[in-house]
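Note that the chains are named A, B, C and D in the order they appear, and that numbering of residues resets to 1 at the start of each chain.
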Amino acid sequence: MATRRLLPFKDMGGCSITGIMDESGRRFAGDTIIRSIRNMHERSNGLGGGFAAYGIYPERDEQYAMHLMFDTHQAKRDTEALLDQRATVHLAEPIPTRAHPAISGEPILHRYFVNIEADRGRPHLGEDDLVVELHMQINAEVEDAFVFSAGKNMGCFKGVGYPEDIGEFFRLEEYDAYIWIAHGRFPTNTTGWWGGAHPFSLLDWAIVHNGEISSYGINKRYLRNFGYECTLQTDTEVIAYMFDLLMRKHGLPLELACSAMAPPFWNEIERMDEVEQAQARAIRAVYGGALLNGPFAVVVGSTGRMIGFSDRTKLRPQVCARSGDRLYISSEEAAIRTVCPDPDVVWHPEAGEPVLGELQAGVKVN
Amino acid sequence: MKRIRICEEHCIGCGLCEVHCVVQHSRSRNIIRAFREERDGIVPGVKVERDGHLSFALQCRHCEDAPCIEACMTGAMHRDPETGAVLCDTERCVGCWMCIMACPAGAVQRGASGKVASKCDLCIGEDVPVCVANCPNEALVLEDDGDD
Amino acid sequence: MPEWLTQAEFVIERDPERCIQCKVCVRQCANEVHRFDAELGEVFSDSDKCVGCHRCVSLCPTNALSVRQVELDFRSNANWTPQAIRNIYKQAEQGGVLLTGMGNPEPLPVYWDRMLLNASQVTNPSIDPLREPMELLTYLGAKPTRLKYEGGDEPRLETELGPQLELQVPVMFSTMSYGSISYNASLALARAASEVGTYANTGEGGLHAGIRPFAKNMIVQVASGRFGVDADYLNAAAAVEIKIGQGAKPGIGGHLPGEKVTAEISATRMIPLGTDAISPAPHHDIYSIEDLRQLIYAIKETTRYRKPVGVKIAAVHHIAAIASGAVRAGADFVAIDGYRGGTGAAPTMIRNNVGIPIEFALAAVDARLREEGIRQDASLVVAGSFRCAADVVKAIALGADACYIGTGALVAMGCHLCQKCYTGRCNWGIATQDPYLTRRLNPNIAVRRLVNLLESWRHEIKEIMGGMGINAVESLRGNRDHLRGIGLTDRELNALGIQMAGE
Amino acid sequence: MTKTKYLIIGNSVAAVAAVSGIRQVDADGDITLISRETQHTYSRPLITYLLGGKVGEEQMAYRPADWYEKSGVNTMLGTEVTHVDPEAHTVDTAGGQTIGYEKLLIAVGGTPIVPRDVQGADAEGVFTFTTMDDADAIANYIEEREVRSAIVVGGGLIGLKSVEALIELGISTTVVELADRMLSATFDETASTLAQRRLARAGVEVRTSTTVAELLSENGRVVGAKLTDGETLPCELLIFAIGVLPATGIVQGSGIDSDRGIIVDDGMRTSAEDVYAAGDVAQARALLCGTNRCIAIFPNAYRQGIVAGRNMAGAEAQWEGGLVMNSVTIVDLPTISVGVTEALGEGYEELSQLNEVALSYRKLVLHEGRIVGAVFVGDIDRAGIITGLIRERIDVSEIRDVLMSDDFGLISLPAAYRERVLSGTVNRR
């Protein structure tokens, strides 16, 4: 596994993505998202499926839920040693699964609820930074260990197989979440690897992605400037890191973060008013390395919000719908209608235009 | 009408305009044959004048109020109604050289026979006169002033 | 003593069947190779004086002339090449330093040719640049690491972006001074840059009054001779470049002989008429990096921080550290000139043997600046023999923001690379001040050809990017994933930071 | 009474040019052209070529056969105008017709001079030579009488052209010239000498400083001439070529001012309203001296015709002044003379270059830094450049040194003037 991980290939393929959020914060079980993603079975090829769910650990919402996979017991021991050294582990337990006829070869799946104390030698680093560092360290340094996710009150569940089978394997109907995102994978050139399935996650960011980032080579180098090591086989991780960089570290509002990643074309910028134009030019000039080129549509989850957006020419499909408090973002309208037959509104967002789902005012989930 | 503008500052004095003028007005229109067999019978309608580093290729200016036409006693020198070019009808020319006397540019010559006048005809039948087309430095530029 | 050991390098063949004795060749050769014998009525040629510039061949209306290199005039010897022998004869006869012009012609590896580009297949649609946007707009200049916004419903940009050069195509015309090239050539470069929306560089030739109208598309250079430099000059241009070194002659100054310092050049360079224009090897006020910083900030003060100030350095050993120093000294862009970069005149030994390939220099500098987290503090411009659009794409993928083309631009204007620029007798009217020769370059034609060249490259770059599925140049820049090496050793691949073809 | 908008009397170059001038401004106003001669407009200078057989009758036409029609001109050929009444705006013809006009142009040319005091001038075989009818008459006489010898009285241009025609016909010819040399009006002495030498080579005898005192005839036909120096020359044909006088007779009694010719201003207007004159009959301002003179040369007639025509049609056109210039080929020896051919006194300067063997000669006359005249014999190719410098009164003091050089050309001229010439607008009027 370690050698495979070092392979710099990025994942290429067409895929299915879907995401459902209840903006009232009302949580709902995972069978809905499974039905939605199952509807797009044909878009994946059984080499990967996965989910991220928000609001699933309300009783431990001050702790980072680290979902990990290990190919070997040694890896688990090494990781736990590292965890003991760097963090306070409040709870360690296997991630519940059920035997499933379509799923085999699963790795050791374990979750840890942790906190990290401030590093006195590096007072400028907050707990989030330390968690990211730990996440990167495990992925980069511990052989055969891999972090699925490490965010508060959320978690990623993924593996090799069709997404609906993975969902059943992870017994997702037993979790309640206010955001569910899911992914069915159709990789064209990598063999299945559990860590390689979507979503990709950093802190509470989780991303499902349909497409290919042709700017991956420079995005990766750009992120490295800011301490993000892209060690995975897929380009999806750069999106996760990019969101983290732009929104968490640089504090850009969502619109601007998205306009860095999928900026308007220069000829559109030329038509803007002076202030807007200066802003757009500055973003493109400064954040050129963050521009995500190539065809993609993503659904991004983070605490309290779900974002859908696509590349600036919208070379991958994305359709949205609303029904009451619920926001649906999916590759296909059918995947929405199968769980919500009669939505209030269905629309196709513009290329590069972010679609945002947010918890209603006053709703607290953490 | 079409006019050839002479861009003095771009003339490199190579003389290719003269060469191609001779070819164009030869019977064979083959450069080798034109120079081997017909050269003595053709006076090019363009002439490169040189003085130190200065040079320019001069051909009939096809003046608006052409003094050669005014001076021509036979009517041989005339303006082509279609192209506006000043042409010499050698059938009617008697070689009185009134045109040579009148042309302020010195752009009318005695033809090779010494009997009739010879001058630039703007390359009848060509879209672009050959001196213009073959000038390697665009020192001759064809312009259309719109007037007829 | 007659130079009897020096042999003709070229042989001129005149086809008697085709020659029409039109004397065009006689008039066009400034080296007086062709001569018309009025008595015999025939043109004769003297191969000894031929420099192989092909002016006569190009203009001969009957294709009666051919000029060929003399191949076997010495007993063959793989070590003692004809050039090596000739050089020794020349030095034995004349003494002195061997001089030459243009870039390094030696058969050293061209690494661009050992890198191949990627294209999309199936999973990622390639893009047709004729139907869809394909963006090459490039900003050169220091950029902040991040933008700060004032919050609120309508976020307002707080960070002010420093001065930037806006390039419609990531290719600029390299430093070529008025003096080393003719006024017409300088003018053509400036006009073409302004037409295309890129920049031309004055070199240290000053800014001629006739070129000033195009100054907003000019980068003015401040070199060790400080020719033509005053506050007006600095403020007239779009950007200022401090020249530390030149790829063709790192560590060497420049020398424009007095006879080339015409009235116009004297006025433009602000030096006395007819005096030698000598650029010292170093700037005598820059003996270390902190001195460079002082000069950079002196220029920034003079230009009220409204112009990007760059530093041009030759690609030499430790280039990454040097470039990093320049960036830290405040350069808004760093121009690196590789060892194949051109020149109007350089000692042959220096040109052919000093410096390193731009490919390695670029790879090292880009990586180093990223490692140090200062890549966005300066743009990287690379120079040193970009021959085609693919070279440019490869350079950008390797990490450059833009390329400088010098030789390519001259070739577009007609240069035949005879390498005799230093003689001042350029038959193509480019590297000369002789009024008889300079008129051979009609700036209107030269502008058209330069614009055509950049437009073609622009189209080709777009095609290549479209093939990769990239529609903005910022996604190509530094994207080494799109490069693969062939015939390179592991060390070379690592140095370039690319993988091997097939990986 | 017929009426016409434009009435033109005359059918030669000035008349034709006037039609062009009118039509440049007024595309349809009716034009009537009256001529005493019956022929379609023909080129008068070509008559010597016609006589010499160098051109045929069909080549005599100055304008194509359909020219009158295409130009919208009603012609009344073979009609003589006897009286002009400017008050009434009418003219009377010999046939008793009265024609009304709005604008009238008199372009009737000149009348050849026949010395009245020469006895026997009415003999058969004595001709003047200015019209096509003259050419026909002379040709017929030569043929009928098998003429072998002739005398041409007058060594001027018409005389010379007549001699050339007679040489072509194999007739042995003697020229009798009152002045001490031929072409004294147009050439300087050197050029005259060269011309005379060329004629001598062709077998023409030239007698200078003498003229005919009396014509001898037998059976009413001329057989010789007695010269004022006492000698008698035999001949079978004699042509008087001693000049023409403006045919001002047409305005006698009309009140229109005339001197040697009909006096006109720079718009070719005569003293009478709506009456214009142009060509050999007109006496207009001369370029170099500024006074009104009759300069009976072809290009002037054309130019005056254009000016008159444009003004008649209501446009503004200005006569730029007449300049004497002649191009004549003397038995294959081309010559051109322009303006003042000899220094007229102090302040004049002559530059010249002579090659007696090649019969080549160039001379410029300068006055106050400008060229005022030139003579070219043999090498005439760039003569027009000099004509231009004279006409445009260009200061040549800066380029004085190159004026006579072999490669003198436009490139030698001051840049500003050269630019005007190259732009083709130097003649724009």
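Just so it is clear, a residue touches a chain if its C-beta (ideal position, glycine included) is under 8 Å from a C-beta of that chain, and two chains touch if they have at least 3 such contacts.
Here the structure is a predicted model, which means the values were calculated and not measured.
Novice: Applying the document's contact definition, name the chain pair with more C-beta pairs in contact, B-C or A-C.
Specialist: The greater number of contacts lies at A-C.
Novice: Farthest chain from chain C, going by the mean of C-alpha atoms per chain?
Specialist: Looking at centroid distances, D is the chain farthest away.
Novice: Return the chain label for which the distance between chain Cα mean and whole-protein Cα mean is smallest.
Specialist: Going by the distance between chain centres and the overall C-alpha centre, it is C.
Novice: Measure off the straight-line distance from the CA centroid of chain C to the CA centroid of chain D, and report it in whole Å.
Specialist: Computed value for the inter-centroid distance: 69 Å.
Novice: For chain B versus chain C, what separation do you get between their C-alpha means, in angstrom?
Specialist: The separation of the two C-alpha centroids amounts to 43 Å.
Novice: Need the CA-centroid distance for the pair chain A / chain C, whole Å please.
Specialist: Their C-alpha centroids are separated by 47 Å.
Novice: Using CA atom averages as chain centres, what separation in Å is found between chain A and chain B?
Specialist: Whole-Å distance between the two chain centres: 79.
Novice: Counting only residues that touch at least 2 other chains, which ones in chain A make the list?
Specialist: Answer for chain A, listing residues that touch two or more other chains: there are none.
Novice: Among all the chains shown, which pairs meet the touch rule set out at the top?
Specialist: According to the stated criterion, the contacting chain pairs are A-C, B-C, B-D.
Novice: Touching residues of chain B toward chain D in the complex: what are they?
Specialist: It comes out as residues 3, 5-6, 8, 47, 49-51, 54-56, 58, 61-67, 70-71, 73-75, 91-92, 94-110, 114.
Novice: Can you name the residues of chain C that touch chain B in the complex?
Specialist: 17-18, 20-24, 27-28, 58-59, 61-62, 429, 434-436, 439-440, 442, 444-445
Novice: Could you please specify the touching residues of chain B with respect to chain C in the complex?
Specialist: Chain B residues touching chain C: 7, 9-16, 18-20, 31-32, 35-36, 52-53, 134, 136-139.
Novice: Taking the complex as given, what residues does chain D use to touch chain B?
Specialist: These residues of chain D touch chain B: 13, 17, 43-46, 49, 54-55, 59, 61-63, 298-299, 302-303, 306, 325-329, 332, 334, 336, 338, 380-385, 387-389, 391-392, 407, 409-412, 418, 421-429.
Novice: Would you pull the chain C residues touching chain A in the complex into a rising list?
Specialist: 120, 122-125, 127, 132-133, 135, 137, 139, 143-149, 151, 155, 157, 159, 161, 164, 370, 373, 375-376, 397, 468-472, 474-482, 499
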